[in-house]
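There are two complexes below, and they share subunit A, which is joined by subunit B in the first and by subunit C in the second.
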Partner chain A sequence: MSSFELLAISPQLIISLAIVLQMLLIAFKRSTRLIQSFTFICILLAIASSVFSLPALNSQITLLFYLDGFSFSIVNTILFCSAMVVLVSGNYLTISHEVHDEYYLLVMLVTLGALILSISDHFASVFLGLELLSIAVIGLVGYLRDRRQTLEASFKYLILSATASSILLLGMAMLYAYSGDMSFTYIEANLDNSTANSKLFAQAGSILLLVGIAFKLSLAPFHFWTPDVYQGAPAPVTMLLATVSKIAMFSVLIKFWFLSEQFLDQVMLTIISLIAVASMLVGNLLALKQNNIKRLLAYSSIAHMGYLLIILPVLSTSSIEFAKQSVLFYLTAYAVATLILFTFIAETSKSNSSSDLDNWHNWQGLFWLSPIQASAIILALLSLAGIPLSMGFIGKFYLITSALTNQSWLLLASLVVGSSIGLYYYLRIIFIMFAKHIPNGANAYDLSINSSLSHILLFSLTMILLAFGIYPDIYIFL
Partner chain B sequence: MILTQIILVLFIGGFVAWRVELQRPQSAKWLSLIAIGFSLALLISFANDNHDIFYQYVKISQIPWINKFGINYAMGIDSLSFILIALTLLLGVVCVLVSWQEITDNIGFYYFNLLASLAGIVGVFSATDLFLFFFFWEVMLLPMTALIAIWGHEHRHYAAIKFFIFTQVSSLLMLLAIIVLALINQQHTGIWSFDYFELQKLTISSQTQYYLMLGFFIAFAVKLPSFPFHTWLPDAHTQAPTAGSVLLAGVLLKTGAYGLIRFVLGLFPEASLEFANIAVWLGVISILYGAKLAFAQTDFKRLVAYSSISHMGFVMLALFSFEQIAYHGALLTIVAHGLSSAALFAVAGMMYSRLHSRDLEIMGGLFSSAPVMGGMLLAFVAAAFGLPGLVNFVGEFLSLTGAFKVYPLQVVLGALGLIGSAIYGIYLFGQSFQGKVQHQIIDLTHRELLVCSSLLFLLVLFGLFPELILNHFTEYSLHTNINLITIDKLSIEVMS
Partner chain C sequence: MSQIPLNHVFIFAIILFVIGFIGVIARRNTLFMLMSLEVMLNAVGLAFIGAGSAWVEADGQVMFILILTLAAAEVAVGLALLIRLQQQRQCLDIDALNELRE
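And now, the complex of A and B:
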């Protein structure tokens, strides 16, 4: 392994080193503040160190990894989201008396898993990253063990995630049996000398792999765990799950799909179209009746992952590049909007209460109480709904353009239907915030954020959303 | 940059009004009035210096915006845009005046929304880049929805969501059509462009053109509104605060008509011609159906709302007949309906502030206590049913006369709508101001008198001298838009 290769994966290396140091630090001095700052600085270092991996763009790094512009951007988005989660967790956790060292350790493990996933090019590294991510997430989801919902959510996630992983593994095994190659580009070696029977075997393997990924992305019909886990997990963990884990898994899907040329397979295309249509409709329809904001966001995330699938059926290899750019832009827009919403939920909730403050009646009249925070939330919701002035609109513009280039009319039609249903529940939350404020003591107290850090966070995230929405040229695709 | 200045003056003016109101109550309305007045002055002085905007399309600004897709911040103006922007700002003043005392809570934010939606509407009328047009098209919706949802009447949330979803879904279809258009252009020329004039040069196969035209048509037909996309309108109009109704009826519906003229007829002349028969029938149905439903209402604002559907049917009928005279009629109807429906909604607001009801059943005999208001209402109702001497008459007369040559049957049916409008107009006036005295109300205040009399003055002025508007459209439109289309049509007829 050359120094060139080492530099190329420097963000991953720094995070791994940080995890070891974190454990030493815990042994040395137990302090929540200290480890939080340490974690945050390490993530910043990892972001800075990604500059070193720039020269290694578009090159194979050992057998396991491949770094290109797409994964470079994914790596940085993931690190950015983790940094936000670390910052937000501070206030959320300090309320209770325990020292929360392990929490940050788990967050870092999730980050590492996601980072490995985003550059992996090989079944082994995918599985490694995936397990690292999933097992740490299980710990995090059940972290607040005094809450009943939390335990339930954690168990649900444990069982379903383990099932999904084993299905994924079976799929990988079948593909390996077919091709004798564990890398994503296995297809290249085996185009000619394959019989119809072994092709079928490979197809079954691909489908199983896809099912495993769909589980993690909570695509319909594999979405049943999502609302419970979103609701049960502590707010910063839900934030991590909704951003870091989804982004990493989607990058795996993109690589698998395009590198092993699944888009040429008619059966796979049919399956992915069905999953996409089902996700858009199921996610949006089930979100309609939710009064719990975390559950609502869970369903809407199902729909958003469904929207993203719209770029997968490509007609020619020339449009792959644009499809990847669309995914990057949309994922970033989705992540920033989700970060804003969960930052607010996390800041208004406390880890020692029996549940988070996520019923939407808690938000009634928020606009008149604190207009700036409410504006941030409204903008995030409008961005998710895809209304102009926000990054989400440009993201949707990318998706639609990509889908039109590839003439996926069915998917476009369900995108139109889905997002019109989506408007209804986003608008309903916004209207709640504009309703007359009912001053009952607890409500007014809980909703006022008094940490200046979270004000800054909300403000800067909102600015990002606006800046990319108004002037999207500043988003640079590598 | 003049149009950008107007938009900025409105937007920043609204924002300043919002913030200042928190410190100094009662200042927001004055600030808004000043901002709108100032932008009106800007527009007029610009038009005074640049007479060529009345003869050709003048591009005002062209700044690269999103280079990846070749999107420009491109604005321009011609006589059509000018008249609609002037109407928008004029009704903006009316909106501020009618909300003078009506709005009592969150005043600053109210005026911000009012001015922001005015800014968006001005943007819609002046954008020449299709992406920018879509951008403004959506942006004007948000503050409008807020106006309905926050300061509206009892079912405001329902009405606001319905309004928003109807317009959003239809405009998503338009977005698809816009992107397909740009993609076709990209395949032909190799570069991305959303520029109106670039895309106009495209030659598209007739089938694709038809589908694209439908995408645009549905978006604009929802806004116009035309049967069968009209169901959002009665709810939105009824539930909105007075200024919201004035803005909706006066200007927002005109964005639909503007879109039909500029984009549907401008970008897809052949497909529009092919579609004309259906569009004309939709227009006729809207005229009759709107009039029929208006007559069945007992709610003052709902009645006026349905009458809007009827009047906009004339615009649709006239536009898709591809006749110069009918086109002029449509333009006059747009202006006339903007003024008269705004006036009717303003009167509805004045009555609501006195009676706290819009129910025609409980009104009656108001004439004895408020003769001036009654007189004004009678004049506006007369305008709405097309009394000669007022501009609505000229507009509808020209529309029908022009279209008669091409679609005699449809015009005969549509003309029945005029009788319908007379019936529901008189019904409206009779129910509220005549009959047994039920209530004693205060007559118009000076501010209200100013609103009513200035609108009435404009209705009479343009009614007696319609050339004031039409003069600007003779040469330019004759040579570019309409004539080209009629020639096309003739050649098609000759061929077949």
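And now, the complex of A and C:
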């Protein structure tokens, strides 16, 4: 490897080095505060080092990786989200007397897996990144072992994610067998379409690969694990799962779809449209009757991933760039709004209680209790719903423009229907927050946040949401 | 020695895979579910080796080694969770894990 290539993957290298140093640090001195600040500084360093990968944009780095502008932005978004998770985890975990240094180790492993996924261009690197991510997530989901529900959540995630991985691998094996290449860019070019038999296998391989990715993205009809895992996992872990893992998986889907030119295939187009419509409707309809905020956000994430699929059916190769841009903007909007909501849930919950404070009756009258935090949450919810002056609105605007240029009317119709159903349950939470606060003995939860750090976090995340909502142009400059 | 056709390898791998998949779905004992997962992963490994030998490349075997590593890591995490399950619920039945509802 040349120094040019090494510099290009410097964020990944710094995170890998940080993981080794973390283990040495644990051996040296066990302190939750120390390892938390160390992890945070390493993530900041990785963000700063991504400058070095700028000259290497649009180049192949060994056989395994390909770096372009899209993956560069994805890398930075992932690092930003993990930095937030590390900051939020501090207060959540310090309640108990245990030293939580493995926790930060696992968070870094998840980040590394996601970073590898976002630049990978080869089956082997996709596979490695994916497994690094999911096995560390299984550990994180079951991290608080005193809680009864974490065991259930992590077991379900283990079984389903392992099944999904093997389905994905079978698809890879089929594609490899009939194309002789494992790199996304060359699969389609080398596919052997001479006989009906090999064509059938290659088609089946693409479908299986798509199913595996859909599992990880929790798209309907492969979404059954999502609500349980979201609810059972500790709040900062759910935050990690909802942002980092989703963003990384979506970038894999984008690469698989556009680089290996799956969008030219009529069968794949039909399947992706069906999945998209199903996710939008199932996610939104099931969210209607949820009383648990984490479960509700799980269903809404299913719907949001469904919305994002709208950019996949492109008519001409010229609209691919716009599609990627829309994905980036929408994913960032979704991630920021999710970060705000989970920051609040994590700050008000404690790791030594039997579950997080995620029943929505806990949020009753929140606005009268702490108006500033409530306003941040309201803005995040409105952004998820796609109301003007928030980042989510511009994101949805991108998606609709993309759907219009590619004339996917069915998807557009279900986006509109889905968003209007979505508005109902987002507004329902907002109404609850404006309801009269009833401080009765048993239900008197302490919903005030007393750490100044989380105030700053909530405030700055909200500012990002507003700034991009009002002046979306600044995103172009970034 | 006559070459085994690639399609036959794949049909065999798919049969193994389906057996493992049915095991994961139908079995209620979590230990057997973990074993069925292994069957699925090994079926995929077989498919990769078949594909690699058809192209006379080492790539298929490299993927197989990666899959073996994954299987080991996954089973390690799985067995740890299994022990926790036994301690917490005194049974290995997956149906005992049904508390997460709205």
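The rule we apply is simple: the second predicted complex is superposed on the first by the 462 of 478 C-alpha atoms of A that agree within 3 Å, B and C clash if a C-alpha of one lies under 4 Å from a C-alpha of the other, contacts with A are read in each partner's own complex, and residues count from 1 in each chain.
Here, contacts are C-beta pairs under 8 Å (C-beta built on N, C-alpha and C of every residue); 3 or more make two chains touch, one makes a residue touch a chain.
Note that the coordinates shown come from a computational prediction; the quantities given were computed from them, not determined experimentally.
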Which of subunit B and subunit C A:L93 touches, first, second, both or neither: neither
Which superposed partner A:I135 touches (first subunit B, second subunit C, both, neither): second
Partner chain in contact with A:M174 - subunit B first, subunit C second, else both or neither: second
Touching partner for A:I116 - first (subunit B), second (subunit C), both, neither: neither
Partner chain(s) touched by A:I78 [first = subunit B, second = subunit C, both, neither]: neither
Touch count on subunit A, higher of subunit B and subunit C: C
Which superposed partner A:A18 touches (first subunit B, second subunit C, both, neither): neither
Partner chain(s) touched by A:M108 [first = subunit B, second = subunit C, both, neither]: neither
Contacting residues of subunit A [partner subunit B, same complex]: 368, 382, 387-389, 393, 397, 400-401, 404-405, 412, 416, 419-420, 423-424, 427-428, 431, 434, 471-473
Residue ranges of subunit C in contact with subunit A within the complex: 6-7, 10, 13-14, 17, 20-21, 24, 30, 33, 37, 40-41, 43-44, 47-48, 50-52, 54-55, 57, 59-60, 62-63, 66-67, 70, 73-74, 77-78, 81, 84-85, 88, 94, 97-100, 102
In the complex, subunit B residues that touch subunit A: 65-69, 106, 134-135, 138-139, 142, 145-146, 149-150, 157, 160-161, 164-165, 168-169, 172-173, 175-176, 179-180, 183
Of all residues in subunit A, those that touch subunit C in their complex: 123-124, 127-128, 131, 135, 138-139, 142, 145, 148-149, 151-156, 158-159, 162-163, 165-166, 169-170, 172-174, 176-177, 180, 182, 197, 201, 227-228, 231-232, 289-292, 295
